[in-house]
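Alright, structures below, take your time with them.
Common to both upcoming complexes is chain A, partnered first by chain B, then by chain C.
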Partner chain A sequence: MEISPDNIIIRQFGTVKLNATIVYTWIVMAVMVVGSWLITRRLSTETGFSRWQNLLEVLVTGIQSQIRAVSHQEAGQYLPFAGTLFLFIAVSNLLSIVPGYQAPTGSLSTTAALAICVFIAVPLFGISEKGLARYLKHYVRPTPLMLPFNILGELSRTVALAVRLFGNVMSATMIAAILLSVVPLFFPIVLQVLGLLTGLIQAYIFAVLAMVYIASATRAYKEREEKSEKGE
Partner chain B sequence: MDNTGLVGIVSIAVAGLTIAIGSIGPAIGEAMAVSRALSAMAQQPDEANTITRTLFVSLAMIESTAIYCFVVSMILIFANPFWDYFVKKAGG
Partner chain C sequence: MLIDWFTVFAQIINFLVLLFLLKRFLYGRIIDAMDKREEKIAARLCVADEKIAEAESEAENYRMKQAELEERRAHMLARAGEEAEALKRELTGRAREETAKLKEDWQESLAREKRSFLDDLRRKTAKEVFSIAGKALRDLSNQELEEHMVEVFLDRLCGLDSRMLKKLRESMQKSREEIAVVSAFEVPAGKRQRITRDIHEHVLKDVEVSYITDPDLLSGIELRAGEYIVGWNLRDYLRGMEREIEGLLKEKTVPEGEEKSE
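Now for the complex of A and B:
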């Protein structure tokens, strides 16, 4: 039994190993890119449009409204980042109904890469919103004593983001595999359905948490500063 | 008893203990969070959407402690570095 698809090596070119994580990540990317290219090739503003365009519109407006609700600001510049995170994780989790497919999110390397993307995106959005000096100032708030805790908090929440997604997806496949050897036939299917549900919820949670971190870097301090400037 | 057997016994016992003890805290925490959220939703049905969203996010954060324990116990059973070391040593 393999704990992560990293250990399944599909092909080896000299020292370069092509493992299942990379291959299935490429498959997910291909499905999403080709699918959205096919759909957006023939967009129309008429009343009669294809059902696929309808699907994409529902997805985009749904993500937009969720970002607006979580961050209390316009979705505009956050939509590509948070939407990509959500769609990639959701598609790679949901495709696990296909036999033989190994979810790339069940490997710690993929989830760590996604978490590092969030780790880099938070200061980028924060600096572009408030400027370097004011962004760095929030590390020494409320007192400079909090500096190490703020930095540690930023690091540990990145690790938590990675391990949470990995653990959830890995546990779903693991429990299905264990149950398949203990009580085959009916019960594993029920847990497979539960795995699909947790996969979708984890995708939502990953995107929402990324959005919450970005919003806390861009907005909360801005408002507090405005309030204190008005008060003084 | 040789080292391999000791490592095997300790790994399996500790893996069970990890998930057993480690799931107690998150279970209590999630139960408290859900019961508070339910009573809040009963008092303010209009805010049910916001409460549900916040509930899901906080449940995921509480649950991650249990997930860490699960990951550790899975590593102890299926990808134990000490086990591999001693098996390699015993094998030659």
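Now for the complex of A and C:
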């Protein structure tokens, strides 16, 4: 019993180990990209269109509305990032109903990678929105004394993102595995269903938190600047 | 170790690749399609709005036209009614006039006929009376009466007053040759001489007297000297009587006829 799919080595080319995490990530990516390509290959701009297109449109508009609700900004530039986070985590988790599948999100490496992406994306969005100097200034606000705490906060929330997702997905897999050995019939199915739910919820939480961080990096300065412009 | 840094790196790359691919195949296309659809729907709604506005204006236009037509129709009906009424009045008036004229003509012709009938009746009656009287008188006349007539004529001639005589003489002098004694009967020669003598004695000497017999006088004898006439005859009496009778008949009939014609 492996705690992480990282440890399942499928191929090894010298020092490069092709583990299950990467392979299943590719599978998930392939499913998503091919699915998207198949559906968006022939998009209808008329009022009548396919259910698959309808599904994608519902997803995209849902994500857009969530982004708008969280950030109070237009979804435009944040949609690919936040949307991909959500969709990738959601698909990764939902595919766990397929027997033999190992969710890549059950690997701390994957969640860490995603958290690192967020960690990098937040300042990038902030800088692109406000400029480098202004973005960096927020680390020394309200006083330069807060600088270490701000940095720590950034780091800790990144770690928290990674560990939260990993813990949830991994625990769901683990609980399923343990219950299979204790109560082999019916009960694991219920937990599996619960696992799907938590998987989706985690995907949502991860994406929304990422969006909140990004929003705080962009909007917070805006508000502060607006206040200072008003002479406060 | 739960974190394999190679895997982390690979996953970051994977995520970025996925991000790029999804951006290309999913978000961009879907949003594009939705925007296009929105545009189309907006355009259609716009067109629909335009069409609705157009339809409304058209409907308004038609309503106005209909109202106008209705008004015109009512107007035409009213005018037609008025014209019909006027025509009816005119025709009725004309018919009445014609009837009145016809009636008048009829009454007139009736009156005329009546008048002519009455005239005829009058004339015939008078003529008849006249001819009966003439016949009767002619039948009555005889020698004795004729002699008596001559006597009466002579008496009258001799009894003329001076003024009358003067007139008679003037008249005789004017038309000396036309002095004639006209009688209905043949005056006997003795009486002729006497008459001539009396004329010479009382009226004018040496005047030529001619004797003419005219049965039309019916009965009687007279002296004609130009315009002047002395004597008497039944014809004149009868003519006078005829005139009187005619006058009488006219009086009796004409007012009656006029009353009826009114």
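Everything below uses one rule, namely that the second predicted complex is superposed on the first by the 227 of 232 C-alpha atoms of A that agree within 3 Å, B and C clash if a C-alpha of one lies under 4 Å from a C-alpha of the other, contacts with A are read in each partner's own complex, and residues count from 1 in each chain.
Here is the rule we use: a residue touches a chain if its C-beta (ideal position, glycine included) is under 8 Å from a C-beta of that chain, and two chains touch if they have at least 3 such contacts.
In this text the structure is predicted, and so the values were computed from the model without any measurement.
Asker: Mind checking the superposed model to see whether chain B and chain C fit together on chain A or clash?
Answerer: Fit - chain B and chain C, as placed by superposing on chain A, sit side by side.
Asker: Which touches a greater number of chain A residues, chain B or chain C?
Answerer: It is C that touches the greater number of chain A residues.
Asker: Regarding the shared-chain residue A:S107, is it in contact with chain B (first), chain C (second), both, or neither?
Answerer: After superposing on A, A:S107 lies in contact with chain C but is clear of chain B.
Asker: Using the touch definition from the top, say if A:Q73 reaches chain B (first), chain C (second), both or neither.
Answerer: neither
Asker: A:C117 in the overlay: touching chain B, chain C, both, or neither? Say first, second, both or neither.
Answerer: Only chain C is touched by A:C117; chain B is not.
Asker: Have a look at where A:A160 lands relative to chain B and chain C in the superposition and call it first, second, both or neither.
Answerer: first
Asker: With the two complexes superposed on chain A, say which partner A:M174 touches: chain B (first), chain C (second), both, or neither.
Answerer: first
Asker: Given the overlay on chain A, how many degrees, to the nearest 10, lie between chain B and chain C at the CA centre of chain A?
Answerer: Placing chain A at the corner, the angle measures out to 130 degrees.
Asker: Tell me which partner A:S216 touches in the superposition: chain B (first), chain C (second), both or neither.
Answerer: In the superposed model, A:S216 contacts neither chain B nor chain C.
Asker: Touch test for A:I3: chain B only (first), chain C only (second), both, or neither?
Answerer: In the superposed model, A:I3 contacts both chain B and chain C.
Asker: Touching A:I201, do we find chain B (first), chain C (second), both, or neither?
Answerer: After superposing on A, A:I201 lies in contact with chain B but is clear of chain C.
Asker: Between chain B and chain C, what is the tightest CA to CA spacing in Å in the combined model?
Answerer: Value for chain B versus chain C, nearest C-alpha atoms: 8 Å.
Asker: Where on chain A do chain B and chain C both make contact?
Answerer: After superposing on chain A, chain A residues 3, 166 contact both chain B and chain C.
Asker: Tell me, which parts of chain A touch chain B in their complex?
Answerer: So the residues of chain A in touch with chain B come to 1-3, 69-70, 160, 163-164, 166-168, 170-171, 174, 201-202, 204-205, 208-209, 212.
Asker: Can you check the complex and tell me which residues of chain B touch chain A?
Answerer: 50, 53, 56-57, 60-61, 63-64, 67-68, 70-71, 74-75, 78-79
Asker: Which of the residues in chain A come into contact with chain C in the complex?
Answerer: Chain A residues touching chain C: 3-4, 6, 16-17, 19, 21-22, 25-26, 29, 32-33, 36-37, 40, 43-47, 49, 53, 56-57, 60-61, 79-81, 83-84, 87-88, 104, 107-110, 112-114, 116-117, 166.
Asker: In the complex of these two chains, what residues of chain C are touching chain A?
Answerer: So the residues of chain C touching chain A come out as 2-12, 14-19, 21-23, 25-27, 29-34, 36-37, 40-41.
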